[in-house]
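Here the chain labels run A, B and C in written order, and each chain numbers its own residues starting at 1.
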Amino acid sequence: MTVQASTPTQSHEQMSAPPHPFREFWGYFSANKGAVAGLVFISILVFCILFADLIAPYGFSGSNTDIRLTPPVWQEGGSFAHILGTDAIGRDMFSRLIYGTRYSLAIGAMVVALSIIVGTTLGLVAGFARGMVETVILRVMDIILTLPSLLLALVIVAILGSGLYNAVIAVAVVILPHYVRLVRASVITETAKDYVTAARVAGAGRLRLMFREVLPNCLAPLIVQASLGMSTAILDTAALGFLGLGAQPPLPEWGTMLADAREFIGADYWWVVTLPGIAILLTVVAFNLLGDGLRDALDPKLKS
Amino acid sequence: MIRFIFTRLSLIIPTFIGLTLAAFFLIRLVPGDPIETLAGERGISPERHAQLLAEYGLDQPLIVQYGYYIQRLFHGDLGQSIVTNTSVWTEFKTLFPATLELAICAMIFALVIGLPAGVFAALRRNTIVDQGVMGGALIGYSMPIFWWGLLLIMLFSNTLGWTPVNGRISVMYFFEPVTGFMLIDSLLSGEEGAFASAASHLVLPAVVLGTVPLAVIARMTRSSMLEVLGEDYIRTARAKGLPAYRVIALHALRNALIPVVTVIGLQIGVLMTGAILTEYVFSWPGVGTWLLQAIMRRDYPVLQGGILLIGCMVMLINLLVDLAYSFINPRIRSSR
Amino acid sequence: MALLEIENLSVEFPTRAGTVYAVEGMTMKLDQGEILGVVGESGSGKSMTMLALMGLVPFPGKIRADKLMFNGHNLLTISERERRKIIGKDVAMIFQEPTTSLNPCFTIGFQLAETLKFHEGMSSKQARNRAIELLEQVGIPAPEGRLKAFPHQLSGGMNQRVMIAMAIACNPKFLIADEPTTALDVTIQAQILNLLTSLQRDRNMAMVLITHNMGVVAETAHRMMVMYAGQIMEEATASDLFNRPQHPYTNALLAALPERAVGGRLATIPGVVPGLADRPKGCLFSPRCQFATDRCVAERPDLSLWQHGSLRCFYPLGDAEREQKIKTDHLIGAEANQ
């Protein structure tokens, strides 16, 4: 991108053009070291999702009891064959953690995407329809918020049956109210503004108003909420996995890995318990850092 | 003030009705009809099936059934567990104090550490102290607490041997519950060492459950405090020549607490989510473990009653927090 | 000996772009029973000078001065503890926004009694009685009932009266009123000013009245000080300043008063107060001064005695050889300067 030189000969329109929105955003965002660190870490994880087959030295399943519970390489008895050691049935921890990104992170992304699509639609409908429809949607969201998030997810899984994809639906429902409320609030503030009235006067249809005028304007808070929602989604899916109601073994979902490791907290096999948790923690921290950074960058008014 | 309470109550009622609807329809979303569900895997003969359907009023239209359900609710009948055949309310009543005790201790832990940490970070803004507190808070609210529990057990129970691994009290002690709170009951029992045992069982679960609220409270207190410290009335308080501790601990903190109380209210739901996981990790015999077992055993009446009770409890606590909020914020107290 | 002596006071704020001066080279004296009016546009450092005196400069501001004496105390070397015994007792300050300057969480009575208990060591009962007395003095009807009121339940005017009651609670020797009437209704403004001057007269307090409204101080102040961008531009007795302004800036300010408008058009001063970055090397007012010369741009005038007062200008308006001097130094004026 080149810097636009504003010389007096340029037309008025060009002169008053603000810096490209993305550059302005990047200026704020890149000043926040934590957010950049979060973004870098998430990029590495995305790389792992895409190329897990190339990075991981072994597959995520397939047991070998001869080498079960090998400690990590820096500890006595460890070897470079399994740098982070092996689990109770001899599977390579490092490979499982790498493959785990496909279940923990990618699943989190699916949850958030599902929730945003449904939530945005409901929010737009509530904001535009008002009246009875709005009341019903909001009341339902209130009820969802009244129940503790994990309990509701558990109940949904109990109805649908356990498994990875039912867990996705359950967690998506749980984080739904945030998006509905956010979009509806944006719709109501935006529709009160003059430019929407102008568009309406100009004959724009309702759908056009929704998607071309209003939605782009509530994108910024939605992006922030999506990033923060990722951390909730990852934590909740991991919790379901840990309770045995999410991803089922032998899938290397990090929460499920912890469930398997639970019986080893008594013995000296710390790595089986510690490593998946660290993976979850770091990923959630990264998304929270990213979310905070996005919020500050997209909405400088909120900066404290 | 009275009007304020009534406004709040009137907002709760639709949510309560919605909650009963949710609890009522939940059991009907499960594949198969309730009788099959109740009968479980044992199966049931078609004649008996039809008879039971009529007996439970299940052959009537849904709306009528819902009416019966509400009627039973008002008589305090929440149904019976399929597994134990005990009434849901009785089971809840015996287990709830354990969860409450855990939650209260967790909240106390979160407040005792979170509030001062937030205030301290605000006063030392942009220093190492501030960054340390905020970094800790970031890790705190990003924490997968089931893992955190395992980690603490691994360290304190297994490696160091300081605390017991699970349960509420050592099996050495037995006494009739009076309040349901083990800490109090162990003192009332007069048995030597009982209180110490109860307390040592409680420490780790309370710390684990309190971690996320602690982090959120510290963050909120810091930002609220920073905002308040820039207010005109703080300048006035300093212009009066008051000592710094009084300006901060009285004039600033009193105002900074107002948004913090709201956040504490929002943490109640988070606390219940945490309680399920914490109780599972520490085998704590509370409502969380109970519900989890109900899910594993497909004990739908328990699940139905449990959702309703916990939903009501969260609403009740939110109401109390609202009242507390209006109490500490004079602008609301007198203007409504 | 003067009650208050300030010599060469600066308030600096370190920023990324370098040090920013909110107040620069401020020198002043104040005697007991005297009212000093300080006028200037927003951001001219009027309030900051007084906050520096009170030790209330907001973070990360720093104070530098050759002398900062109040009532025999050296405020530069005094301990924080000693300062707190003076602040709020011998020096008191009232602020622009009465409603936000009172703590919303505490009653009027509590906030009044707090000062009394802390500085005078009164018991709760004594403090309560004194608080009622004070509220009566500042003209609040039914003061006993008001003790339990919260600030949001009172009007702005009432709250300012409470602030004044709080300020005079310990019989201060020196009262700083920082734009006490700006946030109030026009009808209330005169009442509050009258209250302040009558309290000042009765108690023989020294008073600094900060305002950006010349009209407010015209009848009240004994002496006047005009500030611009952190510096004193002119200082003189009130009547001298109003009748024979010597500094072009003072003159322009007076010309901008609505009651002095000639021919139906209100005079304005072109341009704005220099910001933090574009502070001129020479006279701070030179970019906006219609009489600015090459010398004004190159060199900053000192505050020097001139006739009845002192001012910071090479070409005082009362100088007989003024026109000649300006011509010699090459007039450029405000427009060409920008």
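To be clear about the criterion, contacts are C-beta pairs under 8 Å (C-beta built on N, C-alpha and C of every residue); 3 or more make two chains touch, one makes a residue touch a chain.
Chain identities (UniProt): A, B = ABC transporter permease subunit; C = ABC transporter ATP-binding protein.
The structure presented is a predicted model; accordingly, all values stated were derived computationally and were not measured.
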- Message: Going by the touch rule set out above, what shape does the chain contact graph take here: line, ring, star, complete or other?
- Response: line
- Note on the structure: Chains joined by the largest number of C-beta pairs are A-B
- Between chain A and chain C, what is the gap in Å from one C-alpha centre to the other? 54
- Task: Compute the distance, rounded to whole Å, between the mean C-alpha positions of chain A and chain B.
- Result: 25
- Which of the residues in chain B come into contact with chain C in the complex? 230-233, 235-243, 251, 254-255, 258, 328-331, 334-335
- Query: Which of the residues in chain B come into contact with chain A in the complex?
  - Reply: 14-15, 18-19, 22, 26, 29-30, 138-139, 141-144, 146-148, 150-151, 153-154, 158, 223, 226-227, 269-273, 275-277, 280, 291-292, 295-296, 298, 303, 307, 310-311, 314-315
- Touching residues on chain A, where the partner in the complex is chain B: 139-140, 142-143, 145-151, 154-155, 157-159, 231, 235, 238-239, 242-245, 255, 258, 261-262, 265-266, 270, 273-274, 276-277, 280-281, 284-285, 288-289, 304
- Enumerate the contact residues on chain C facing chain B in the complex. 54, 56, 58, 83-89, 92-93, 95, 97, 100-106, 114-115, 118-119, 150, 152-153, 163, 166
